[in-house]
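One structure coming up, written as structure tokens, with questions to follow.
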């Protein structure tokens, strides 16, 4: 299969839109329906083995579903959720084969919470498959520029 | 009519360039020459009815012309205008029909004024028509992430 | 010769990736192998003649090579180099002729150094040639939004 | 101790004041104590919370306050702080709630502030009296024509006494409504600047600057119309700058409005709307009084320390720190007036004020230049002597000067010195 | 002078404390002096620097410290400040180095702190004794079960004396390891909030909030399983809140763990891992003691002022300013336990804690709401009276209350008042 | 009161100083009072404002100053603060203006500072004397060889007396120009760091660090050329570190320059340019003196507290707060020298200095590490004893040490203690 960069961009923009608007369920629907999933935000560096080191996020399918449920249920988030707006850019197709596309991108995310603006920045690598319903995420890795710094609450999708 | 995303991007980049450089008249020339115009920056939320609630900006053609004139004439802006640089990304064509294209995009705008850097972020929805002279803006809505927060002067085009 | 905007984007994304990761030598390899080179970051404004005024950076080939060597050798940078992540956007082809492409772009660069996040923003103009090995930089000009303000160390590639 | 540090008789003189009053953090702390936590502070308008359960959150000085309306339509000013460990119990700036539940341990308060729910109650024995743990109240609150004021001081003069001459100007503002009420339910513009709050108060009744600082806006007003702004804000105006006493002050445009038939009739109105309005006003007030009200038009004045009435809007000053301030602009609708008129009032607010308005940004740029200028200490004085020679005391005890004069600022500062020196 | 300003007998009472203790910068400065630069402060665990040359950098209060292991495997607590002009000599938070070279003029120190290199030595004559220019040492340091503590005060009670009752809880935590040691080499989560450090300490032993504030996490735990969280953290729990003395406090889940056979055996374990673990434990401790250890499980407690033991993790509190704090979470591995078990411990840490965990963000949101609420000053008190009527003194001199009671907070504050009033 | 807090005899000793001097805000406030608002401060060079109406804006300490040249070519140092309410009257850092108009109410001042325009003048009666409202002047100003200094103190020693030994080094710097003048009209590099201003001053005459901290730059200099940097900044250099008195200090490279024939003749020059320059110099100075000047070359020194002369550049230190500082680098052109030479001077400035230069960033990283290190308080001292045993007093009353010695820093601190203790 062969996919254009612009198709990947459209997909990532769509994902960004859902994340910015806390549409947890719709975002979860962007993930592959079958097979193992990984949603990884490394900690203390960009590549420490998540089996041997803490991660900021390291979710398989079950944990990802739990994360979405947790965000959905949290009452205080309904009282005051962070406002988000992110630009996704530098989208590149790193690799593409029969059943998987690897795409990298950078983002700058501006968060407003409790009247304070906070800036998140980093890069992502998506492994995508092309399902009948369109592209789907098999794994996603987000490298935060400050993943070895103290972070405030990350109670949204990144 | 059918327009490519890349054409929309070129148009939005062009608009961003004119806004960053305070080229008020050239920017105004990007708007449709006939028919009603709307330039809307909602306040206290993203979608309150501008007829019943204050907006940060809610201009029709006359007011838009006045805004441009006001910016042009203001002496203190000539003494020291804000420096601007914005990235526009996540450009998506939301809708497209015979006479109108609806395009959404996100931006991060860095402003420097009086030695202080200030970050603006949000998303825009443009309604564009395709005139002989090229794409023209019929309406533009800018949703600021902090549109319910106290804002410093917004004495530039956004 | 005719080059698509998307090819320029790929090139600039690649360059951004190398700069973000301090891959000095690989970045230097993106420059044209022959002929004069200019790497210019103006100071006190966007266009003062670099022969008559200081620049933040104004390198010809030799000085560019020296810059790369200096960055490579500096011990304290190895102890603690700034972490970088930038989005490049608003890529436009300004001009294109037989032997040269002029491309402009905007960027927002988030830097983390000594636990402090710092935001760099501005626009770039690349003059590119198309070599057998692909696009190569003949000259690059970076206009920082704050090029007339006091700046912290700029000990990375921008 | 603080007052020991600052001698306000020295810093505030009759014809000049020291720049230090705008940048010294110790002065700001003392202002909190002697002004913001002692005086009557405007917090909200009743029409913002029309229904039982409606609330808004505001600040008195730096303290977070909930303004709520209970099921009996009574209004309560409650501190937004859980009585258990102090979490804020309300996170939103406006809404409708019959109870506020603290997220931390679930203590729940009704919109009267009463503690109505305590999880795992067995942890507290008989000695625990829930009444003692109702949300703290703002010690005093009172309303005038729907304007809600609060005072963090349990004692002091009553609201109407404190309002003094300003009360009839509030009447003048609100009597423009055929139903005798204004409605604030059209949102709020929030505008911030890096500078001291007092600059925004002084500026609101500074009749000297408009034609100069706001030249671009004036250009738009006059463009292609024969309005002589010099006859409004300039040398040959008949308008007055008035010290109302108690730190309140006014720019009185009545003389001009009379000629023009009143600001409330902007050009370009539909005749029908005009008829409707006139008719409604006459039915309420009778022909003569209605004409009088309309001709005199809306007043332009400020009430010390934090509320300003200009054009169609309430403007509220919120100090954040000694050099950070937020100004809120609330458009006001006239109850009983035609929609066309009220929409016009709404539009005037956002077109002219707020961060992207036609006028306000000029003032905010001036405030920030002012704060920068205060860094120069070789000469610390701000001069307030303009018009000292031509102002006159009026029967009401007020003082009137030429519209461009600093009579208004002098009034503000005389009051300031009095309360700060106390 | 500072202590002159604050009377801690007034600010800290038996059943309530003042909000001022959380926002007054003068209180924070005094805490640095009387707590952070006087008490024993946890800095690191020996297993973080297993090899000669290994080091980590930490802070004691606000002072940067290098924790290094020398070639003889001895551990040193050195101030990260060049003795020449004061540059930091170590830039990394962890690594292996036999020497630290200052970038400015090249003075070089070995990992014992000794000054071993001075460029252009002729600039110093015989009167220059290198011994006088070794990196400054933290005046006192000591370890307990591998936990390294440092004190900036040259005198005071010894570590074990200071630990008091907490010592046996450290044992309880570590004895779960078949090899009798925990290993901290799985990284650290760093989580910051805009609020005062004491909130994180109090919260760690606050048994009142979990079911309420963490309702979403509880929903996930109980979903499709018959666990009654009310019987763990709620009204009908058998667990206890315990004041251990010296500002240390515990939530004692032993009664529950006994029934459940101990927290250390989460459901869904492979039988094999369980067998392996049981076997290893019995070989070390004998059958009965092993069963006892496993049934009692891991303790949940804090040691004043900066270390907390919860589930499988060490949690460390780092004050940054009066209203900025960082919390570090270190997952701990049980030496000699099966990998499956340790991987589970690792996962539990990042799934539950840190900025994106299932539980911790709730607490951090509460801290920030708390700091906001403290801006309301009409009533400054935080109430700590929960369970005052039902707590009892135990033989060990400890005080035990119902799991949901504030016995723990009272213990923390009693100690705080004592040291701050000193 | 402040001086009561700090005993500078204690904090500044002959062979060491306390880190507190770099981070204590009270020390910084006292420095403003006793140094920045009392001493002669360099503000600009006459060649920056060559034409009538030219101006630049600068700061003396934290106070904004306009340096303007009037129609009679006289130079004025004016505070940038409107005499009415205090707005800044000039917004740009450089330009040409015959008048400064305040945006707020339009008061207008000419470039001598005189109040020449007041809108709506009728508001002021005869008692209003415009002369009293001229822009405030910096109490004293004076020039030496085109360098403009200002003092916020009306009394004190004259400029030349204050310059003392530094005066002849300014001559040495400027005499390299065949026309006997330097020209600063090539812009300015602005470089900031989070650290105390004194570090930048001390560093400018610190001959100990270059080969170590700047090793990468040295590598580029020596690469493929036989220059022995050890013979310039190292152990076996013949250069000297000199305390000039009054807090001024020098690194005297004369001995080296003599051998090399003077720094002003970098290798790789065109013979023609060299001829031209030599010829021009000889015409002005005569053969012997010209050779002398060229051989000795440009001096490397600092004048307390804020100007430094290195290579071809003026370097100016601007304090922002106790731990924020900006350094400005102004390339200087030699009037009457060939363009090739001046372009070389320009290039040397931006290639070596500023935020992206080959050398300066090393120092700035060191400053920030230093400020970090100051957070360690167990030992507060910075050691200044290097070379105490081998320095010697010279006839001029100056003190000379080995180039790598801290003779220079000791000189700076002796003066500092004297003025701060006063």
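Order as written gives the chain letters A, B, C, D, E and F; numbering starts at 1 within each chain.
We take it that a contact is a pair of C-beta atoms (placed from the backbone, for glycine too) under 8 Å apart; a residue touches a chain by one contact, two chains touch by 3 or more.
In this text, all values refer to a predicted model and were calculated from it rather than measured experimentally.
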**Request:** Using the touch definition from the top, list the chains contacting both chain D and chain F.
**Result:** B, E
**Request:** List every chain that touches both chain D and chain E.
**Result:** A, F
**Item:** A-D, C-E or A-E - pair sharing over half of the B-D contact pairs
**Value:** A-E
**Interface residue overlap between copies chain A and chain B, same or different (over half shared)** = different
**Complete:** Looking at Cα centroids only, farthest away from chain B lies chain E
**Request:** Report, in whole Å, the distance between the mean C-alpha point of chain B and the mean C-alpha point of chain F.
**Result:** 46
**Complete:** Cα centre of chain C to Cα centre of chain D, whole Å, reads 51
**Item:** Rounded Å distance between chain C and chain F, as computed from the means of their C-alpha atoms
**Value:** 32
**Prompt:** Could you say which residues in chain A touch two or more other chains, in rising order?
**Reply:** 6, 75-76, 87-89, 108, 119, 149
**Item:** Residues of chain D touching at least two other chains
**Value:** 91, 103, 362, 365, 372
**Request:** Mind listing each pair of touching chains for me?
**Result:** A-B, A-C, A-D, A-E, B-C, B-D, B-F, C-E, C-F, D-E, D-F, E-F
**Request:** Could you please specify the touching residues of chain D with respect to chain A in the complex?
**Result:** 91-92, 103
**Complete:** In the complex, the residues of chain D that touch chain E are 62-65, 79-89, 91, 103-106, 119-120, 122-125, 127-128, 133, 136-139, 152
**Fill in**
chain F residues touching chain C in their complex are 93, 186-194, 215-217, 219-220, 326, 329, 331, 343, 346-347, 349-351, 354-356, 358, 361-362, 364-365, 368, 372
**Fill in**
Within their complex, chain F touches chain E through residues 19, 208-209, 212-213, 234-235, 362, 365-366, 369-370, 372-379, 381-383, 385-390, 402, 404-405
**Request:** Within their complex, state which residues of chain C touch chain E.
**Result:** 75-76, 79-80
